[in-house]
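This is the structure, below, for whatever I ask next.
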């Protein structure tokens, strides 16, 4: 009787999760997959085939943008890690109590406004007639206005800014769980800053690093607004291509194929990253 | 000519803002000895140990290891190693990597690290466990690995920060003996801090009792137990019955005190520290009191008094009887000799107790 | 007992609500920003009892949204007239207009007729004209007074200070400016491809001149206002809005002709409130209401006497940009044949990829 009841409770609790998974994730993907393997041959006429995938591989623009997006997302992830690690270390290990909470909250503040507003903020800073250009001119470092916007570096700045919180949070959590005496023991046994970072702190923080990297990589890869607004004439982003296919070209078939390729790419790179860092998904996400 | 001490502190002081954690502490530890610092929590012993390890720098005073001042030398440059309270074994490394960590930092080549790690693990009685993970070891094994990790570096001084605190009672008793024999085996100077007097008493060659940032007394276990120099040491090391009252007579080191409830006590003091009319406290160890069931017992002296048994606390060898003085109502704890004589002792019985005034210590009550 | 009463009350409530709904509908309007001002909605709701829910969008998203729901989710949409027949042919997302329910006298006859012609598919009319406007050049006349045609954007003198969208109007504008006639070639794939090839080459060469390809209306207005861009391809309303702040900046009808568009009323195939939709159409085409919309949207309407209450400033700006010759020279978008976007898309992709 009790076991029946607890079973019912178990299924009731499971139901929203299953519903979410099936209705919002699995079903749309199945639909998308069927769209992606239908080729348009005429008005309201479709055939099943892999032609859309062939288009991707035959058109250099598409797979170059694909590769570019992947490489820039990986660079963004690396940059976010390099910038986020010291911040997380400072918050987790050098501060206590209220200072810690305050610093953590300060990291959260940019997320109280929408991504669009944040990106516009960067546009105000970086544009030719913007704050940075004017400030540099007034202190005499540059003689005329300089355009910082509309290039890949601006995209990177925007992406790092947008995603750094998702790196800091898991890092702070894992670094917090590192007993200070481990670091002291490292020094006591003759280690220096570098060797302790390499042999003790980083191995301990590895699950946090990997989960942070996965989230940041996914966020960058799937970002749409930041590359569109901050990027320049040649700064194509794969999600932009997908949007174009779906919305302006009315080509849902190719757009779906692109969507699946993006899914495959992100899964592939995450898998590779886990293998390289010798972590498992359960270890990283289950903490 | 005596050898240079392995560790010497001279007027070592540490201030935190307006709080003085360590106050002008001076001591030296001769080579190859087991030195303990015993004190209640908050007495400053951890700060002192961290200054020796190099994690904190003294406000004033000097700290020397093998005659060399360590002021301004970082923890990774000092010839001392530390066993942490929770051991701080690195969970991301196996045992071999843990023990070899220090050697790797020194740039020792791989094959030598391997042999030295194996040798030190053998010496702590754990051969062939280099490939195990930290969490595959028992509590006692972890202790020994933590010691091996330090000893492989052949430090001049090994610091131990209450490493037995986390162990259960049985294992703790066992590890006390083992630590002492490991120290003898390596013949290295151990500096051990603890708040547990029995750990200090069993293992140490010398013990410093620390209170409020100062050393109250440095001496052997015997000295501290039998000849405590202060009321704090008398009360902290071992158990004691404590009475407070007025000094009525002083004759050399022999004093008489009358407690507030009117119990007359004879005790010994340190010459010249108390005078008649002053308030004083008297400490008598429960195990120093002789007990008899009738007044005529041959063992008892003339000043034996009769008491009523208020209760008996049975705890094997450490069983206590709580007695109440028939006249004054003062309470006295007495260790029950386990000779069979007092097996049938019950609440309400009358017994006779007496002690040698030489074993009762009298100190001035501070702040008069 | 309590439960039964509750159930009964609920049933009653639901019935009551559906009865009211039959009389006063909710009109789900899919339109452009500015086409349904709050004061107009208020007046409409007060007069008819309907309620209006507005979703603002653009041509492409309107079609994508209706395609995703097979023409459901909205009761009235306002895509441009050239995008109706091809979308209808491909996706079947609209339903024909019942002309008997439209007060045709409120529409300028020539526009009504032209739109009907352009939106006829298999014998049925699908669109009614509402707002019209053009796209051409927005120029800072003080700094780039020489820019009078699309191809002038590629001139050395404005290098790095021009912007346009990487979209089909750019292809068409440039084609006209180069002396070609893309609209005439709409139905001839081979000829159209040849035109696209020439335009593609010109735009690839022009790429170095462009500061950035703009995407949103606010973005191009910021670029022009800050002076970072001195000449751009953009909508007339954008130019007139900027003119209000900075007299140097205004809309210029290009020599090759401004590109004219007409936004229409269409009924989504699965719309549920046709009554409210026709009520809305007849309401907003009244001269005084049409003027209110022109004042907020910045573009003129197809309503008879629709300019009666339009602000004098707007009229003046319009007349400043368009003389009679320029009006006669407007190139009105004909219906886009299905499949044309694929050709244009490929050309745009190649321009984007070129270095």
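By letter and in written order, the chains are A, B and C; residue numbering begins at 1 in each of them.
Rule of thumb we're sticking to: a residue touches a chain if its C-beta (ideal position, glycine included) is under 8 Å from a C-beta of that chain, and two chains touch if they have at least 3 such contacts.
Treat the numbers as computed from the prediction; the structure is a model and nothing was measured.
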Topology of the chain contact graph, where touching chains are joined (line, ring, star, complete, other): line
Chain closest to the assembly centre - both centres taken as Cα means: A
Centre-to-centre distance between subunit C and subunit A (centres being mean Cα positions), rounded to whole Å: 36
Computed distance of Cα centres, subunit C from subunit B, in Å: 89
Whole-Å gap separating subunit A and subunit B, where each centre is the average of the chain's CA atoms: 56
Complex contact set, residues of subunit B against subunit A: 53-55, 74-77, 80-82, 84-86, 88, 90-93, 101-102, 104-106, 149-150, 153
Complex contacts: residues of subunit A adjacent to subunit B: 179, 181-182, 184-192, 195, 199-200, 203-204, 206
Parts of subunit C lying in touch with subunit A, wherever the complex brings them together: 60-61, 63-64, 67, 87, 89-90, 92, 167, 207, 210-213, 215, 219, 226-228, 338, 341-342, 345, 349-350, 352-353, 355
Subunit A to subunit C touching residues, read off their complex: 43-44, 59-61, 64, 127-129, 147, 149-150, 228-229, 232-234, 236, 244, 246-252
